[in-house]
Amino acid sequence: MDPKGVGMSNESITSAPLLQARGLVKRYGRVTALDHADFDLYPGEILAVIGDNGAGKSSLIRALSGALVPNAGEIRLDGKPVAFRSPLDAQAAGIETVYQTLALSPSLSIADNMFLGRELRRTGLLGTVCRMLDRKAMQRIAREKLTELGLMTVQNINQCVETLSGGQRQGVAVARAAAFGSRVVILDEPTAALGVKESRRVLELILDVRRRGLAVVLISHNMPHVFEIADRIHIHRLGRRLTVIDPKSYTMSDAVAFMTGARAPVVAAA
Amino acid sequence: MTDIGNSRPAAQAFELALDKGESRVAEFEVRTRAPLQKLQHFLHANPTAVPAIVLLLSVAAFGSVVGPRFLSMFNLSLIIQQVTIIGVIGAAQTLIVITAGIDLSVGAIMVLCSVIMGKLGVAMGLAAPLALLIGLAVGAGCGAMNGVLVTRFKLPPFIVTLGTWSIFFALNLWYSASETIRSQDVAKFASLLQALGTPVNIFGARFTYGSLFMLALVLAIWFVLNRTAFGRHLYAVGDDPDAARLAGIRTDRILFSVYVIAGVICALGAWALIGRIGSISPQAGQTANLDSITAVVVGGASLFGGRGSIVGTLIGALIVGVFRNGLALSDVDVLWQEFAVGWLIIIAVALDQWIRKVSA
Amino acid sequence: ADKPIVGLITKTSTNPFFVKMKAGAEEAAKANDVELRSFAGKVDGDNESQVAAIENLIAAGAKGILITPNDSRAVVPAVEKARAAGILVIALDTPLDPANAADATFATDNFLAGQLIGQWAAKTLGAKAVSAKIALLDLNVNQISVDVARDQGFLKGFGIDLGNPAKIGDEKDARIVGHDVTLGSEEGGRKAMENLLQKDPDISLVYTINEPAAAGAYEALRSVGRDKDVLIVSVDGGCPGVRNVKDGVIGATSMQFPLLMAAKGVEAVKTFALGGGRPTASPGLDFVNTGVELVSDNPAADLRSIDSAAALNRCWG
Amino acid sequence: MTDIGNSRPAAQAFELALDKGESRVAEFEVRTRAPLQKLQHFLHANPTAVPAIVLLLSVAAFGSVVGPRFLSMFNLSLIIQQVTIIGVIGAAQTLIVITAGIDLSVGAIMVLCSVIMGKLGVAMGLAAPLALLIGLAVGAGCGAMNGVLVTRFKLPPFIVTLGTWSIFFALNLWYSASETIRSQDVAKFASLLQALGTPVNIFGARFTYGSLFMLALVLAIWFVLNRTAFGRHLYAVGDDPDAARLAGIRTDRILFSVYVIAGVICALGAWALIGRIGSISPQAGQTANLDSITAVVVGGASLFGGRGSIVGTLIGALIVGVFRNGLALSDVDVLWQEFAVGWLIIIAVALDQWIRKVSA
Amino acid sequence: MDPKGVGMSNESITSAPLLQARGLVKRYGRVTALDHADFDLYPGEILAVIGDNGAGKSSLIRALSGALVPNAGEIRLDGKPVAFRSPLDAQAAGIETVYQTLALSPSLSIADNMFLGRELRRTGLLGTVCRMLDRKAMQRIAREKLTELGLMTVQNINQCVETLSGGQRQGVAVARAAAFGSRVVILDEPTAALGVKESRRVLELILDVRRRGLAVVLISHNMPHVFEIADRIHIHRLGRRLTVIDPKSYTMSDAVAFMTGARAPVVAAA
């Protein structure tokens, strides 16, 4: 097996993986979601993960971000084995995730959701003693972040998230991850519900995040998007990594053919 | 890794149109409106104002039926005294209900704590402040037990608190030997325990420290729920625990602390209870569970979690208190009072829903 | 395991009256060398739990059952089953209906208990009795037999026309300000008193179902400064209640003797288990009257009573 | 409109690779496994088997502590008799809980119906079958009232049934004049009402028609819940009412009928109650609410709706019944019985959770 | 205003609209989701609805399918005014909808969800008297429909829907609507969570549905898909219909420009 992917010619090969997984297994009763899956993410790269519906992509990143504890397998961060028991552990390690289910609290406002778990407190005694929140600041920043994403149609920043349209919700989740990630940002189909303009902004945001030196994992079914911005593409199939390809050496058709099993990759992973 | 975007496909062609796209930023509409619309929007933005309207309407209704006896300052402040205990216990219950839980042990914790305070302060001759503190600690301990069972063993709160209700109540009967401590003895040996029963006159109305204490507690909890991160996390956990966990909230820690806090509030309720009835009785608090849940639900909270406000609970308790007091003052037989309270609760909540719908 | 088993089924396990009754039974069981199994209803009026308890005692092979029925009529079929299984059944505190459904009854005459305090109140108020304003603090809305007997006994003793003696609240007398319910607790007593005071601030006499309710009523009166000029009467004879008589909180109370009932019951079962006969009823009554004592520090003329000091030696806890 | 696809953009180029895509159809895995794994999968596929295991364990535990008295056929069938009422009422409660509701009025409906059957059949001299039928109709009417308030006025079931509980209970006390109807009188004038109390011997165990009736009811409801569209819709409504409505289910109709059905089941419970107690007491059923909800929750249902099974409820009721009976036969003081029941309920549910986790 | 859209040259113009809406308004507190929106759907056509996130597309189709009752405005079916009080009314009129939220019951199985509200009953007495379900048949058909959509990774037809992957859930919802629609099928972003292959199958399914003579309303953010299969494109902006274009006369760039407000259409609707 070639852990660094097939056909890589990029300089990143020389650096050590930032986040790595080996032999992850996750079973649900009769269903096997992850079947000895491997994963490698290098510093500063955009890694796309593609695969059929139900291939196990979301399960993979849920394992990487502490949202599920795999039945077997090992995860390493900077080469050191880690055991994330909860998403908080992963966040503490600088890994921020947009889940496919978005993980928003429906009855809280947009601003509350953006800052959930890392609220800003007032300065002065009110903040330190009374632990009072700085709601003004949080609302202002939330508004800024959403405007950056071009979600201009949000009319009221104190609207409950449950009253937002599908795309608006996704925008809130993406804005949250981008604002707080410090090492890795994982995005599970971040543009699925987004419009053309908003999707474009998210792609720009991803590039921006990479420019800030973070690594990005992007799960997407949108081939043009994937081939446009990914540095490497991890192809997932039937619960495991089939192969990793370089978007410059392969065409979208190749990728689709690998993904759907129409063609076998030259070197099969695992 | 350097930027390697040179040899790759560009954005899809049609997206180029975006460059010309409008770049208007998010609009946050601020308009002026007619008074009725203003009221509508006020109610929409302040959902707790709705039960308050229902409360005012009930007071007005009883005032016109029963007359000045009901509307006297004295009687109105009496109602507040009468809902003190349920207000305090309801505050604890509100916190639990917001997290999508339910606490059937609040009454048992309260009476256990009052008995412990009383036994220590009166029969064992401990200094009253110490007895009080130990009582509060026991409340925290009971809450912690609930909390551990809910968070570590992942048991449904209904089962946990149903079980601990039996446990705490049995302990209470055993420790007290089912014996009441008389008001006179409490006054003699540990009058601090009765402190919350002290009356105060404010603008001609007679309150007790207990009712003022309850109002202060409600205010404090309002602040915590609405102005601190802990409060927001409570709502998030109740709303969708999975989402909250994924968002990086220590849901177990939040849940555990909320049960502990509820236990402490119940112990404070025990103090208020001693103030109100003077004596310390192991039989007290038997209706506290249902009454507190009723106050919470009449106040607009959802038993499914994530929704509810502490002010709503207070108003809910007051609504029920007004009904009971008003009916008692009118000349209705106790049996039909029960009947009428049933209807009034339904009507109050229906009215609440209706106002919400109209103002939506 | 060879000791004969005696079952004790009380109305609830919270009311101190029954807790003391249980303690009395335990002592008597030790003295008589029998094994005591105790049960209780969950709330006042809970007949199903008592039926289940009887069944369980049959299954456990008990020799005798002492029961304070929550529903004197409804429990009868279960009692019959027990008796058919050869078990001696004795009603304590409250007779069954019909009383002969039990082998024996050791009970307080609750109507008499009420009547005594009613008479005492009428005599104590003297001429003012005709203009008295009376508040009645009852147990709950269910009108269970003890509640009715005490309330109606009090009114009878005070000289008020009862209407239907099996029903609380159908009296027409203008002196009655109102009935309210207390659940027999301090909390309930205080709230009921407060509300009745709002209805008529001139209340001068308060009847309470038991002494905890009386203590709660007293707190309400004290908070409006009426504690000195309102007369409270009650029923029970628990030690806190007797002390409250001594302190002038309660004017008079009718004392019952739960320990005596329990002890007599256990003895009877023991006798029965050893092949002896069944106990016989007090003359003129269909039950063994364990007696009622009026307790007051202000005795009324022509009314037998004991003072609180004497009562403290006999109170039940 | 004819096919006009000629002049338009074809599928994106990369999608052409799909034509070569594998066309394997959906796989539905069937494998053979080791016995332990088989047990695991059995438990996974039959979640109600888990409380059944807990029940067996509790019976075994009490059997070894208390001895043959507990394990006697007579005693075990006694336990079934003792849980008859809670089994029936729990069946009604299960239906409501599955729809994410709660019914606090079940006990009041039951006692009201029993009093009406008794008054009509005994005091008014109506033919017993007619009295029974009218009782069932009243049950349906009470349920319909709950149903209307829940569906038409959109009130929370907790509030509605809390209110109607007071209403029905007051009506019951008023109609019965708080008087119990003697068993002898029922037997004389309307013995049909006591029919469910008739004992039958099956394989040496003594059952009553009442307990057989309860088992039949549970079976019937199991069929409805699992094998008819109505049952499936009940789960869908409880699971996510919005989704159910969008999927085209008449959620209001389902909810309304479930309250009516629950009312009728409570009336049947009244019949079983008369059979069990013999006499007809207006004091009955006061603990039926909490007991039935306990059975439902111990049986594995979620108070949030969408999850729960009728067999689970029966097992839940039996577990609690076994605890109470077993403790009664062992020599435990009544005070500590309560204490022990509290612990045992918690332990039973914890055990249940643990088995589920292990088998997941 | 030109109710039949701008630049239509198709023969469908001559037939009367099947489903029509005029002046729909929906307000939520301070938010206006529909602001006098119009809508026309002709028999047998595929009408795409595109627009920014939060433009009000979902609100529009929720109004058309009875899921929400508009504050004002009129809906006509075959020219006759109708008032759908619930989705059931719309279903009875032959209108089947895939909602953006999917409207699945999480704890029911795939087969149960597919047949929710129109379960198959056993033949014979068991079916008519006992009203017993024919679970075998429902499972078989559900499996067939999913296989048609290429959701081959579903491993167990009795799996709860809540345990399915995002794309698998969407597949179930689409399969349900396609199987039961008789006049109009409305799809709100039916391919958002679907993979390349599954999306393609859904598009084929849509064409298939049109071939069966039904009209289809397709909301999508995927321009290539929209331009590939739509007969007309309804552009929604700020709560109302901006215009309707013919995909043969306009380019994707034009559509994106209209949608985002970069360019105004020649004839503004309403």
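To keep things simple, chains are lettered A, B, C, D and E as they appear, and every chain counts its residues starting from 1.
The working rule: contacts are C-beta pairs under 8 Å (C-beta built on N, C-alpha and C of every residue); 3 or more make two chains touch, one makes a residue touch a chain.
Since this is a predicted model, take the numbers as computed values, not measurements.
Asks: Could you work out how many touching-chain steps separate subunit A from subunit C at minimum?
Replies: Each step joins two touching chains, and the minimum needed here is 2.
Asks: Between chain pairs C-D and B-E, which one is joined by a greater number of C-beta pairs in contact?
Replies: Most contacts of the two pairs: C-D.
Asks: Where centres are the averaged C-alpha coordinates, which chain has the largest centre distance to subunit D?
Replies: A
Asks: Measuring between mean CA coordinates, which chain is farthest from subunit E?
Replies: C
Asks: Roughly how far is subunit C from subunit E, centre to centre by C-alpha average, rounded to an integer in Å?
Replies: That gives a centre separation of 72 Å.
Asks: Please work out the Cα centroid separation of subunit B and subunit D, and write it as a whole number of Å.
Replies: 30
Asks: Give, as an integer number of Å, the spacing between the C-alpha centres of subunit D and subunit A.
Replies: Taking the average C-alpha coordinate of subunit A and of subunit D, the gap between them is 44 Å.
Asks: Measuring centre to centre with CA averages, how many angstrom lie between subunit A and subunit E?
Replies: Comparing mean C-alpha positions, subunit E is 29 Å from subunit A.
Asks: Would you give the residues of subunit E that are in contact with at least 2 other chains, written as numbers and ranges?
Replies: 28-30, 101, 151, 153-156, 196-197, 223-224, 256, 260
Asks: Touching two or more other chains, which residues of subunit C qualify?
Replies: Expected reply: 13, 141.
Asks: Multi-chain contacts only, two chains or more: what residues does subunit B have there?
Replies: In subunit B, the residues touching two or more other chains are 12, 14-15, 18, 21, 24, 29, 173, 335, 338.
Asks: With touch defined as at the top, which chains are paired up in contact here?
Replies: Once each pair is checked, the touching ones are A-B, A-D, A-E, B-C, B-D, B-E, C-D, D-E.
Asks: Which part of subunit D faces subunit A closely enough to touch in the complex?
Replies: Answer in residue numbers: 12-18, 20-22, 24, 29, 41, 44-45, 360.
Asks: Under the stated contact criterion, what part of subunit B meets subunit D in this complex?
Replies: Checking each residue of subunit B against subunit D gives 100, 102, 149, 153-156, 158-160, 162-167, 169-171, 173-174, 290, 293-294, 297-298, 302-304, 335-336, 338-339, 341-343, 345-346, 349-350, 353.
Asks: Which residues of subunit E touch subunit D in their complex?
Replies: Those residues of subunit E that touch subunit D are 10-12, 15, 42-45, 67, 86-88, 91, 97, 99, 101-108, 112-113, 116-119, 121, 130-133, 135, 143, 146-147, 151-157, 176, 196-197, 200, 203, 207, 210-211, 224, 227-229, 231, 247-248.
Asks: Residues of subunit E touching subunit A in their complex?
Replies: Answer in residue numbers: 28-32, 51-55, 58, 100-101, 151, 153-156, 159, 163-168, 171, 189, 192-199, 221-223, 238, 256, 259-260.
Asks: Using the touch definition from the top, list the residues of subunit A that touch subunit D in their complex.
Replies: 28-30, 223-224, 251-257, 260-263
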